[in-house]
Amino acid sequence: MRALGYALGLPAVLVAAWWVASDGSTNVFLPPLRTIVEAFRDVWFSGTFVSDVVPSLWRLAAGYAVALAAGVTLGFVIGRWAVPRALTGPLLAYFRVLPAPVLIPVLLVAVGIGDATKLVVITVGAVWPILLNTADGVRAADEVGLETAAAYRLPRRTRHLLVLRGASPQIFAGARQALGLSIILMVVSEMLMSTDGLGFTVVQFQRSFAIPQMWSGVLLIGLLGFGLAKLFELVERRALRWHRGHTGQLTERR
Amino acid sequence: GGDDEPAAASADGLTTVRLASSPLGHLAPIYLAQERGIFAKHGLKVEVDTETSDLTSVPAVLAGKVDFATGDLTTLIVARSKGLDVKAVVPASASTGKEGADYGALVVKGDSGITSAKQLEGKTISVNILTNIAAAAAREAVRADGGDPTKVKLVEIPFPQAPAAVSTGRVDGAWVVEPFLSAAKAQGAVPVGWGFTDLAPDLTVSAWYAAGSYTSKNAKTVTAFRDAVREAYAYAREHEDEVRAKIPTFTEIKPEVAAKITLTGLRDEVSRQAAEKLAGYAQRDGLITSTPDLDELILK
Amino acid sequence: MGLAGAATAYEILARLFFEPAHVPPLSAVVPEALRLLTGERFWTATGRTLSAVAVGLVIAVVAGILAGFALGSVPQVRRATSSTLDFLRPVPSIVLIPVLVLVLDVRQITVLLVAVSCFWIVVFQVLYGLRDVDRVAVDTARAFRLGRLARTVHVTWPTVLPYLGTALRLIVSVALALALTGGLVMGAAGLGEMIWSSQESGESTGMYALVLLTGGLGIGLDQLARLAERRLLHWHVATRREAVA
Amino acid sequence: MTSLLEIAGVGKTYRARERTVEVLTAVDLSVSEGEFVALVGPSGCGKTTLLKIVAGLLPATTGQVRFDGRPVTEPPAGLGVVFQEYGRSLYAWKTVRQNVELPLRHLGLSRARRRELVADALDALDAVGLGAAGDAYPWQLSGGMQQRVAIARAVAYRPRLLLMDEPFSAVDAQTRADLEDLVAALWKRYGMTIVLVTHDIDEAVYLSQRVVVLGTGVSGVQADIPVDLPADREQIGTRSSAPFGELRTRVWTQVRRTPDGEPHARRTPESEMA
Amino acid sequence: MTSLLEIAGVGKTYRARERTVEVLTAVDLSVSEGEFVALVGPSGCGKTTLLKIVAGLLPATTGQVRFDGRPVTEPPAGLGVVFQEYGRSLYAWKTVRQNVELPLRHLGLSRARRRELVADALDALDAVGLGAAGDAYPWQLSGGMQQRVAIARAVAYRPRLLLMDEPFSAVDAQTRADLEDLVAALWKRYGMTIVLVTHDIDEAVYLSQRVVVLGTGVSGVQADIPVDLPADREQIGTRSSAPFGELRTRVWTQVRRTPDGEPHARRTPESEMA
């Protein structure tokens, strides 16, 4: 009950403020919230949801999953061994700065214009926080933990898993960053070379000056982000319970 | 500015007008005119702001941050029908009116077996943006060839990538404009349709537009601007070599490329008939629900 | 070394699978890049881009750290704002550009894009870093009655620092990428706009040369970030281990 | 002597999804100003828990702790603590000297006084045999050295109440004896109140004025044994005296006699590891 | 008995920006198969360092360690270790039972044998008095309990060579005695080789067949004292016997007599804390 109050309190205030402040707005680019809400109903409860949101969600899920797998794997390799780290350092720094619009020409030729390109855009953009956090988390693995595993001659695989588990608080930090990013990237990837999807729809609204509809799309993106964040937290709470225990957050304190 | 007439008279008695446009070929006549003193002759001083894009120009014009900007005709029609107070003043680029020698065309891969636009029925064609005039032009090329324009699938690929998309077979056809038309041809693509001329021989592709409120408050300045631009076009028509020489100075186009590409057409009037046609298409494609009043859109 | 390998791989791939007009080989790109380096235009553009990056980064880091600590240290604030933050986080600023244009110019918007995106990264890294603070370390400080501020400076901050180090390396590249995006989608003067212009002019060699140079810039910024991190974190396990290796 | 510390009916239950443990029930204990109390009891009986409650770091489930007459809700002023987890209580990002000086810098004292205290801190490091390691970082030290840093930190702080949780567990016999004497000397000189948790019954008797035995299982105070040895004690003489031997046996018996049988390791290994 | 462990001329220098410490120089020591050796020495003299070198976890700066005739470059098979930092050597995300079972699951054994070993692990937990805490997480345990988990893990593994670094430092006297007897019984039963680092000289003498004293400063082996007590020892009887007393005094004298004077805490606190 209290949690609900906390979750809805500020949003309620903000929405009310927005509603009141915008109600008399005549600026086409800042329509009244009332109009946006009406547009929301018209746009997203009319089948567009299935035709646009579902493909987007699928791209998002796939892109995020690939980013997660690739980020953790590469991050682990880079964090664990100095040689790959030294070899890839500048190269990764190079690729990190390439924004999606620069990648697209190459992707177009190499991958084509289907969903694959969008997946690549999402993955390539979202992989970095996961990769860097994993690498740093792995590098910071506790020495005594490592020595224990080595002394008992635990097999490589087990040792790697132990290191990953120890780094999981920081890996989750990366995954959380990547979640927000991949929603953005989903939208961005659909802005270029797309024929459906949430981002595509929003951009079409924007370009055809359907401003209330565009705002309704922004709302939907926000809601999507909120929902996914909650889902993420659920997973994280379970996976990192030990960490909260270890750092004393489960013990009541003064 | 734009609140009082005369707008912003500077010390030398000239009124400053701020133009927003991406650094594209259609600016060449403007720059030439500026150098030749044509704007000054009309009592104007132009400042060109190239830090702009399709995304930002309409709000910038409506908010009074710039006085004139360029926009393609379909976009302006859509904006108008959504109640945005934009007014097309004078064309910025237009069809050359010569079928087979226009600056935009529908191209296919040379060895694809497709020889006419009609054959693209049921196939995929790329355009740079789905909601602007390119989509209309691509469809129109198919229609003019006797095909069903609603049966082509349009996808969005920016012009720079279109030649590659065609030559690697990612799309069956692509609507491209210069310099990519030349580039595509150089990579073995062949034109099969000329959508601009099909739409109208005097088609206005993009226009300089202003906010309606600005045009009513600064009628003199607007007229002066239009006259100056028309004079600029007249000069440019006479001095094509100068235009070609100008282009590489503000774009990344190489002089040898600029010497060969087809230049955009230069026209004095925003074509009303074409606008009606485009409005109809925009409605067909679901971009708008009602045709705007074209008298409101196009400055007399 | 890694770069040399990558360059060779690129050259081979580009020659094998792509037409020079689409993806030019390095042997064509490098001379073009050198030509650019001698021109003034490139340096002006770089200056513009870097200034947007710098301003955006400073805003993001300062605001992000303050917000992160405020959210992380006061549970009520965190709980009250988390739903709102989760809602706002994924909204792509690009969608809002037409609205922003009403009040800001494109350069300011570019700075804002950089600042907002980096801000989120910093905030979340700080929040996760704060969770890593050790109970015994805090208890020690509390037992000796170190105040909130002193605890933050001496205990919390050093614990969060490694997370911020990661954030720093992330945001320098994100900032650069977004400054480029500002040029690409809004025409804000700078390297992004130059890349856009090369694309629009069909100059793919020039565009790849710019991308190459921009990547070089990215490497430079990354090295700076690493240097800063090594200085600040010399006591950290990761750095210690590095020194041994 | 007035009662500085009043522990009344303190109970503690740790609740978690996996297991709920009732650790302490109704612990009653009062410590006078200037007293030296040793707290002993089997491993896991709740000594650390009690110490943390006294320090105001952990809320009691039942009962109350009063320090100087006021209920403890946060760490009271003038408290020094040596934690059992000494390694985690040192800051890896600070040198040994900085670790020791940290609490002193935040006492809100005059400049001169602060300088004096910092000098004290260095002396304290010297006194624990770490004068030369001042610029080292904690992770460059051996376990015993780290533990001594934690002791030096608490001691340099000159607390009114010093809580020490097995502070000498990681040092060798000789160093341990020296540290014991150091603490005893400081106690006498500054009249501080000390509560020392230790597993070494000899040490408890040697140092304290009173040995409190915590029982196991759900435990309260099981025995409270006054140590009536002369105030001036000395490692060899005192430890070999007859009264010392008697006291130590008394404490020993108490620690063994737990209310619900022996707490653990009650079976012989032979029978178990078969 | 053949020599299982050969430590020849081992030296170690830690190098860092802030300080470089030469910890060991030319340590020579050989341990026979089945032997029980206790390693004592002042805090910071390099016992942990030596143990880690022997375990193949830390490279020696000079010299070599041979296990079973082969040079040690990585941890040899059949090694069990109880680390001084027991808390950090337990995995916080695994329960007590999972921590104990972890090494057993990877021995590449038959199913039946594995089940047997896992049962052993549980027995080991019982034996250290933690049978009930199997499902708890390490952070829910007291310091002494965590230490016992680490011991149970090493013991359940049935190593050929068991290295223990102050394994009983955090438990009470009673538990300590029980654990000592547990280790002694296992040693006898399985014929393992044990190297035990301890600060408790009595414990060293009580358990081992040989007490090796490491000196301080730049240190090598300072003394190597055979413990010629009968094989069957018993907490009260053995410890009160006359030979025990003598041995303990001998070791004590060696630990105090360090090559370059006493290592630390040599000044009286009075003179220092003024």
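For clarity, chains are labelled A, B, C, D and E in written order, and residue numbers in each chain start from 1.
Keep this in mind: contacts are C-beta pairs under 8 Å (C-beta built on N, C-alpha and C of every residue); 3 or more make two chains touch, one makes a residue touch a chain.
All of these numbers come straight from a predicted model, not from anything done at the bench.
Participant: Where the contacts of chain B and chain D overlap, which chains show up?
Facilitator: Common neighbours, chain B/chain D: A, C.
Participant: Measuring between mean CA coordinates, which chain is farthest from chain D?
Facilitator: Ranked by distance of C-alpha centres from chain D, the top chain is B.
Participant: What whole-number Å value describes the gap between the mean CA coordinates of chain A and chain C?
Facilitator: Comparing mean C-alpha positions, chain C is 16 Å from chain A.
Participant: Could you give the separation in Å between the centres of chain B and chain C, each centre being the mean of its C-alpha atoms?
Facilitator: 36
Participant: Express in whole angstrom the distance between the two chain centres, defined as the mean CA positions of chain B and chain E.
Facilitator: Computed value for the inter-centroid distance: 83 Å.
Participant: Multi-chain contacts in chain D: which residues touch at least two other chains?
Facilitator: 14, 16, 57, 74, 85, 88, 137 - these are the residues of chain D that touch more than one other chain.
Participant: Give the residues of chain B touching no fewer than two other chains, as numbers and ranges.
Facilitator: Where chain B meets two or more other chains at a single residue, that happens at 55, 58-59, 158, 160, 164, 168.
Participant: Among all residues of chain C, which ones touch two or more of the remaining chains?
Facilitator: Answer for chain C, listing residues that touch two or more other chains: 22, 98-99, 102, 134, 136, 139, 185, 199, 204, 236.
Participant: What residues on chain D touch chain C, complex-wise?
Facilitator: Listed in rising order, the residues are 52, 55, 57, 74-75, 77, 79-81, 83, 85, 88-89, 91-94, 102-103, 106, 137, 139, 157.
Participant: Touching residues of chain C toward chain B in the complex: what are they?
Facilitator: Within the complex, chain C touches chain B at residues 19, 21-22, 97-99, 101-102, 105-107, 185-189, 193-194, 197-204, 206.
Participant: Provide the residue numbers of chain B that touch chain C in the complex, in ascending order.
Facilitator: For this pair, the touching residues of chain B are 22-24, 50-53, 55-56, 58-60, 63, 65, 158-160, 163-164, 167-168, 179-180, 182-183, 186-187, 251-254, 257.
Participant: Considering only the defined contacts, which chain D positions touch chain A in the complex?
Facilitator: Residue list for chain D touching chain A: 14, 16, 56-59, 73-74.
Participant: Quick one: in the complex, what on chain D touches chain E?
Facilitator: Residue positions touching the partner: 14, 16, 18-19, 21, 40-44, 47-48, 84-85, 87-88, 95, 120, 123-124, 126-130, 135-137, 140-145, 148, 166, 169-176, 178-179, 181-182, 185-186, 189, 199-201, 252, 255-256, 262-270, 272-273.
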